[in-house]
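Have a look at this one.
Chain lettering (A, B, C and D) follows the sequence in which the chains are written, and residue indices restart at 1 in each chain.
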Amino acid sequence: MMPKTRLEAFSDGVLAIIITIMVLELKVPHGVDFATVQPLLPVFLSYVLSFIYIGIYWSNHHHMLHTVKHVSGGVLWANLHLLFWLSLLPFVTGWMGENHFAPLPASFYGFVLMMAGIAYSILSATIIREDGPDSLLAKAIGRDIKGKLSVVFYAVAIPTAYFVNQWIAEGIYVFVALMWLVPDRRIERVITTTE
Amino acid sequence: MMPKTRLEAFSDGVLAIIITIMVLELKVPHGVDFATVQPLLPVFLSYVLSFIYIGIYWSNHHHMLHTVKHVSGGVLWANLHLLFWLSLLPFVTGWMGENHFAPLPASFYGFVLMMAGIAYSILSATIIREDGPDSLLAKAIGRDIKGKLSVVFYAVAIPTAYFVNQWIAEGIYVFVALMWLVPDRRIERVITTTE
Amino acid sequence: MMPKTRLEAFSDGVLAIIITIMVLELKVPHGVDFATVQPLLPVFLSYVLSFIYIGIYWSNHHHMLHTVKHVSGGVLWANLHLLFWLSLLPFVTGWMGENHFAPLPASFYGFVLMMAGIAYSILSATIIREDGPDSLLAKAIGRDIKGKLSVVFYAVAIPTAYFVNQWIAEGIYVFVALMWLVPDRRIERVITTTE
Amino acid sequence: MMPKTRLEAFSDGVLAIIITIMVLELKVPHGVDFATVQPLLPVFLSYVLSFIYIGIYWSNHHHMLHTVKHVSGGVLWANLHLLFWLSLLPFVTGWMGENHFAPLPASFYGFVLMMAGIAYSILSATIIREDGPDSLLAKAIGRDIKGKLSVVFYAVAIPTAYFVNQWIAEGIYVFVALMWLVPDRRIERVITTTE
């Protein structure tokens, strides 16, 4: 059992680097007119989407660890597992953006999001198992519904992007992001109502 | 409501990475004489300017959060919004420098600065709204004038760079940076006098 | 003698950057079909292996420094020496991955791992020498066996990769990683039994 | 006056990134034999030298700020000024290494080291001026001699590299690094004796 400060510091570092190196995919163009900038628009839009996703993960990670006192080896590796999938986001973001949201990259983008979502669930389950059924658990269960819903949405988006239409998949990615952006209480009320 | 330590750590990380990856636009030249280094001069100058801007933002961010005790979800996202615009600075810096301060890149550079300035105002307004009208508020109002002035200057520089002369715009960017670099008290006295 | 906080913060920063820039070797492909992604598979696999290694080093570093109170100049430089070898991991990872685990890169990969392993032993020996024969020492001796075994394994893998078969070397790298991943108590029992 | 924690965190972040992105100049080669790796040797050697220099700066920065309690705007900008020159080290390191220690890059390398040395002196002078003539001051004066000597050495090396022989300059860079690496007490005794 270790104090959580270094886990937070390391995660903050990795997330800060991920969010910042994604912008390196916005390659400096050689021309100086609007025509040169235009092809960068999809790269820019995919950057915005991924920036928001990393922001959501950072914010949720922040909240999740807030009540935790100590971290075990299990939590430490569940956290590294989450960071692993998030570290692939710059790659799929660049691939999707540079290919103007083509079906296969859009599908891979959803895959990385889904794996990160699953990794997040594993991390929160690991923390709950070790911390016991206290106040964090209660909060986490409320969040779990949103988490599970997100993974289901990604699982639907992955084949949709490749076999049906990638724009439906992109719409799903934007929708899930919005679902997390809207303050928790309202969403939780909505989810409780629709259950 | 969360402690502010991770917000500071994450922001420090992102700002440290932004300031350092900007230097990657200074591509290592293949030759070894002065003629090879000369074309890098505008890239270097735009790097210096952006380095100073990030330094100013870091320093102000540092001061702004100093009196804050806890951060809400609103502050967290207002902060991410600021980091988003600052993360685009390496891109416009490289674009402007590599094209020797051409009109369109100079205009985009001002746009990113303006959006960062607006994001900073939103962040400070969000903090003030949540912390109530205490000592921070008083300080913040004094700063707000400088902040609003900067945004106005950028808004003037953007069309000036493209339609009139990019060097006037560059002059404005340098002037605004100097306005922030000069220690606060003197500037505030000047601004109070000119009001 | 200095407090250890900055040593941890600096090491966390360097390890976080190493782990994240490794993913930059996964170059965004220009095509959008499965055939374009396929050549990236070895790069991806070598990334996974190195990610796990950095994770192991971070986790062990975390544990090792946990009981340390102050750091001397010797510890500081032994730590920088470890970070130096780990900083070469992205290079050998990319070289090995892009050349589909060719013999020479696989051999160099083992060399960097071996040097990092030796650097880690030097760091732990430096800490023990300065902290005296307390509880940390006891733990460290237990770990030392695993550490020495790892270095021996790497020393075997380096010529094996170049002169015999690189896949045997890769198998050794995976085996050593697994040896560290399996929770300590079980491994320690195994090692004690085989002694 | 602000607490120094964020100054340290930001500096640690920037130095960690500088030290790690320098390794990106070690470009992954396309071949898999020894002939392909050989041209990387000068890049590697210049990386080692710069890694040690950043290590020295980080270690000294660490010691210098250890006794400081609060930082003013002056200290903050003197620190950013130091980070600015250090941020140019990856550029001159790559340029020098890729051109096999050619005269002009070797000269520029010395220039960046000299400016960083001057910036370090300014930072330490700024801290001493604000903290008053206490214990830090005494230590700093001892260090100042080494600092001033280093700047003189760099000032000699810069024209030597370009007009005489770059290897003499490289020898000076290595010598200055060793001068800082050798534990303080011995060096201070040596310097006191030679005064």
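The rule is simple: a contact is a pair of C-beta atoms (placed from the backbone, for glycine too) under 8 Å apart; a residue touches a chain by one contact, two chains touch by 3 or more.
Because the structure is a prediction, the values reported are computed rather than measured.
The most distant chain from chain A is D, comparing centres defined as mean Cα coordinates. Residues touching across the chain B and chain D pair largely diverge in numbering: under half of the numbers involved belong to both copies.
Work out the mean CA point of chain B and of chain D, and you get 27 Å between them. Distance from the chain B centre to the chain C centre is 39 Å, each centre being the mean of its Cα atoms. Shown for chain D are the residues that touch two or more other chains, namely 9, 13, 16-17, 21, 24. Per the touch definition, chain B reaches chain A in the complex via residues 2-3, 6, 9-10, 13-14, 16-18, 21, 24-25, 73, 76-77, 80, 83-84, 87-88, 90-91, 94-95, 98-99, 102-105, 108. By the touch criterion given at the top, residues 8-9, 12-13, 15-17, 19-21, 23-24, 26, 28-30, 32-34, 37, 48, 51, 55, 58-59, 62-63, 66, 181, 183-184 of chain B touch chain D in their complex.
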